[in-house]
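These notes open a run of structures that come right after.
Across the two complexes that follow, subunit A remains constant while its partner is subunit B and subsequently subunit C.
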Partner chain A sequence: MGDFSRVETVEAAKQNHEYTQALTDLLFQLADDDFILAYRGSEWLGLAPHIEEDVAFSSMSQDMMGHAVMFYEMLEQLGVGKADDLAQLRAADAFRNAILVERKNGEGDYNNDPHYDWAYAIVRSYVYGLHKQVRLEALLQSSYVPLTLVSRKMLTEHRYHLMHWQVWLKQLANSTPEARQRLEAAIEKVWKDAGELSQLGPNADSIARYGLIAAEDELKQKWLTLAQENFEKVGLVWPGEPGVPAERGRHGQHTAELVQALATLSEVYRIDPAASW
Partner chain B sequence: MQTQLERSNLTENEKMEAFLARIDRGEKIEADDWMPDDYRNQLIKLISMHGISEIMGALPEKEWVPKAPTLRRKLAIMAKVQDEMGHGQLLLRVAEDLLAPLGKTREDLMQDLFAKRLKFHNVFHMEAPTWADAGVIGWLVDGAAIITQSMSLDTSYAPYARALHRICAEEKFHAQHGESIVLELAEGTEEQRKMLQEAITRWWPSLLMFFGPPENGTITSNQSTNMRYKIRTQTNEELRQAFLKKYLPRIFHLGFTVPDDTIYFDEAKDQWVYQQPDWEAFKEIVKGNGPRSAHRLNLRETSYTETKWVRDAIMAYGRHVG
Partner chain C sequence: MAQEGMHVHDGLEATCWELLQQVTDPEIPVISMVEMGMIHQVRVEDGVAHVDVLPTFVGCPALEIMKKNIAEKLTEVEGISKVEVQFVYDPAWTSDRIAPEARGKLKSFGIAPPPIDFKPGDIWEVACPYCDSPYTQIDNLFGPAACRSILYCRHCKNPFEALKPIY
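On to the complex of A and B.
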């Protein structure tokens, strides 16, 4: 069985099938979360409330996409498949992202009559960002050493992203009645899904047992404590325990909105996946 | 302060003479310096059009950002289009400083855009129906932009020159990004090559139009004002020839064609002889009546209008804490 408390390399990880399986499942959750939300961010391009924000938002989506690429490449190194294929050729039921990240930005298509909801963009990015911060910090202690290294790298970028969304939250919470109302409606919507973020899916037990990341409850308590502190600080009503969506994203159950997103993001690649692009 | 006071005692004619002498000496003008109205107006027209073109120029590529075919391409095109928005921001700030003494703001520019009073480059009114169009935009449209912008690097208006130095450095990466997409398609499958040839054919007239109508010996009053003030130094035709000299051999070298059967290089005159695009169509396009003008203006106007509450909220927050 061997000691899996500190796994330095891909080869070492592959010594144990159960370990590899747990690691693979976790990496898909990490990669798919960042990938799909970065895609949603890229749909906002050119539509943000002002040009400065367009530049900032786009830069953060790009960083997030970069993080997804790092996770997909780790999967590639584990022999799961080519990173581009993993990102673009899997069916929706092979995706392990939380439902929160796949929800569309609002009504309409990104290129055809979009009516996007900026309040939802802020709250989703903030909640996701806060959870991601907690998750990356937990990954610093992961038994899989390559994962600790990429997490450290991502954290340096991610702190600025989170700060950005915190500023937005504070500003909108203390501005006009309309903004406040929109913000509260967005919080309510995000809260219906947010409880799923810290779930680790069907392999949760072995993911925790192998010390790949902290247990679900610990992750959940950490981000909720931080969120509650911040909500109080900016003067927002604490919405309490977050809910979970009907679909279980970590188990491969998804909405039609993900199916649509995957069709769009892989449209060109699917013309000929064997070709060089 | 002393010189400011002395200047204020000068007559308008004397100020103008002093200003032209500065231009002739190759001095650079700063935002707070005295400048004649027509200099200011030309700059506003030029820089706000350039700035808004960067912003509207993000929209055709935006269509392909979520669809870019590989993870690397997704990252690259996100970075590229973000840069374009950044250029727009940089230029609008330069324009805002020029507009301030006239009591105008960025909001006026946005409203001018929606009312089609503020024009943007002809190329961004056109359709970009395939991934190859994203490549051609990066390679040839950005390539054309580098040529016109490089000419203005030495412009007499210092804030514009500073912005352009930054922009040109980034544009070179964009042209490489576009070239990389194009080369991959050019060396690719039959289907990829076909897609690329169609895109080049589609963009050809727009690329010729990009530099504006030829002067045929007579330059417009706008152009002569701009040249007198050293805002720009080359004519439309000189810029177009520079573009053709740089890119036509590359297009041919890759085994592609342009939709012009009679095009040839006249060695004696050292210039390409080409069929003129439809300049009447050009006028309509830049007026905002191109194939995608309404769609893109609508995209921008809808999002701008629907996020007004956000800008209002930021203002209110500023008052709240300030």
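On to the complex of A and C.
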């Protein structure tokens, strides 16, 4: 962590332009990761393997969307813009989420013959969830005090998300050969993108120097250790060093899949941004 | 003069707390937000009531409804012209904040109350709210609301819900 002293309030943060810039960058990464993955989760509504899972998955996606709202509201307090506008009116190149969370759920579209990949949903949610656990724990030590408070709150909820996906992973890893094979294919696919999760973007040095969160390497090592331990516990082969996608999401480079997702999720909001909900 | 003013405020705040006993979580209508331990603080200044609320689960869609219901309830009070409801995260809401008398009400509504003084690593064992049997199983960690799970009693063969321990 950096040598920066604790910043208790939003007003104090605004005294230092560089600090505010680093904090803003980090908050966009945190908010956009949760927001876009929660959106992908919402696209499973009515399509999950059974009705209980449909209830559970939508409930978790809604909760994760709530986490994104907390981060967007922190950006609003910093004067970056209205939380709803930040979520719904930015162009794709203003998003700082990792590419992993924007990938489509599978073949087809939600309204047109969806053939989504349930194994991919499990592995992506779980791998992302393990990373989020490490990230939230690191944020408990953040120099920005309001961020430590929301992280503590999210951790109490997030542990249940992780438990849920752990159950799925364990059951599929020890189920039929087909389940196992689909799971392994999903791990391979997730692993091609997963390395980007712990990247902190163009302002990474400044983010770490101000003690906003632990440095990239530390986050990555902790997360990989946790993931390896849990993969091996359910008898899965450890896939090793994760890859990174061609696009750099933390730098605002995204796939056409994000552009399409944003167009869909903000369609109603854009009709009348001034409407009261 | 100043002291008199303070007395008035104290009285108004007490009235607010009393009225907040009537505001319930729309998804658990048997207990109030006060009993849930969700009301952290009420301050009345110059006719404005400031209510600090501790969310149970931040993604809970009922939060906005509760906010609206609090505002509606407190604007009834003479001497209060405006109500400001704010969600705060310090202190964090934990399931130990639920009032003892509310735990019985939850049970009568078919929701098993969360264990008291739960610690990391503890095993969450849930007794059936209908027959008190410990012979239960978790069917789904996430029920109709993020804060609840769906369980099944293998003794009396009833499905039921339980509030998750938040610690």
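In this section, the second predicted complex is superposed on the first by the 272 of 277 C-alpha atoms of A that agree within 3 Å, B and C clash if a C-alpha of one lies under 4 Å from a C-alpha of the other, contacts with A are read in each partner's own complex, and residues count from 1 in each chain.
What we mean here is this: contacts are C-beta pairs under 8 Å (C-beta built on N, C-alpha and C of every residue); 3 or more make two chains touch, one makes a residue touch a chain.
Computed from a predicted structure; not experimentally measured.
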Partner chain(s) touched by A:P114 [first = subunit B, second = subunit C, both, neither]: first
Touched partner set for A:L23, first subunit B, second subunit C, both or neither: neither
First (subunit B), second (subunit C), both or neither touched by A:A92: neither
Which superposed partner A:H164 touches (first subunit B, second subunit C, both, neither): second
First, second, both or neither for A:S59, with subunit B first and subunit C second: both
First, second, both or neither for A:R152, with subunit B first and subunit C second: second
Partner chain in contact with A:V69 - subunit B first, subunit C second, else both or neither: both
Contacts of A:E178 with subunit B and subunit C, given as first, second, both or neither: first
Winner by number of subunit A residues touched, once subunit B and subunit C are compared: B
Which of subunit B and subunit C A:A31 touches, first, second, both or neither: neither
Subunit B/subunit C common contact set on subunit A: 52, 55, 59, 62, 65-66, 69
Interface residues, subunit A side, partner subunit B - complex: 39, 42-43, 45-52, 54-55, 58-59, 61-62, 65-66, 68-69, 72, 83-84, 87, 110-111, 113-116, 118, 171-172, 174-176, 178-179, 182, 264-265, 267-269, 271-272, 275-277
List of subunit B residues in touch with subunit A within their complex: 55, 58-59, 62-75, 78-79, 81-82, 85-86, 88-89, 92, 131, 184, 187-189, 191-192, 298-300, 302-303, 306-307, 309-314, 316-317, 320-321
Contact footprint of subunit C on subunit A as seen in their complex: 52-53, 55-57, 59-60, 62-67, 69-70, 149-150, 152-154, 156-157, 160, 163-164, 167
Subunit C to subunit A touching residues, read off their complex: 55, 57-61, 89-90, 92-94, 139-146, 150, 164, 166-167
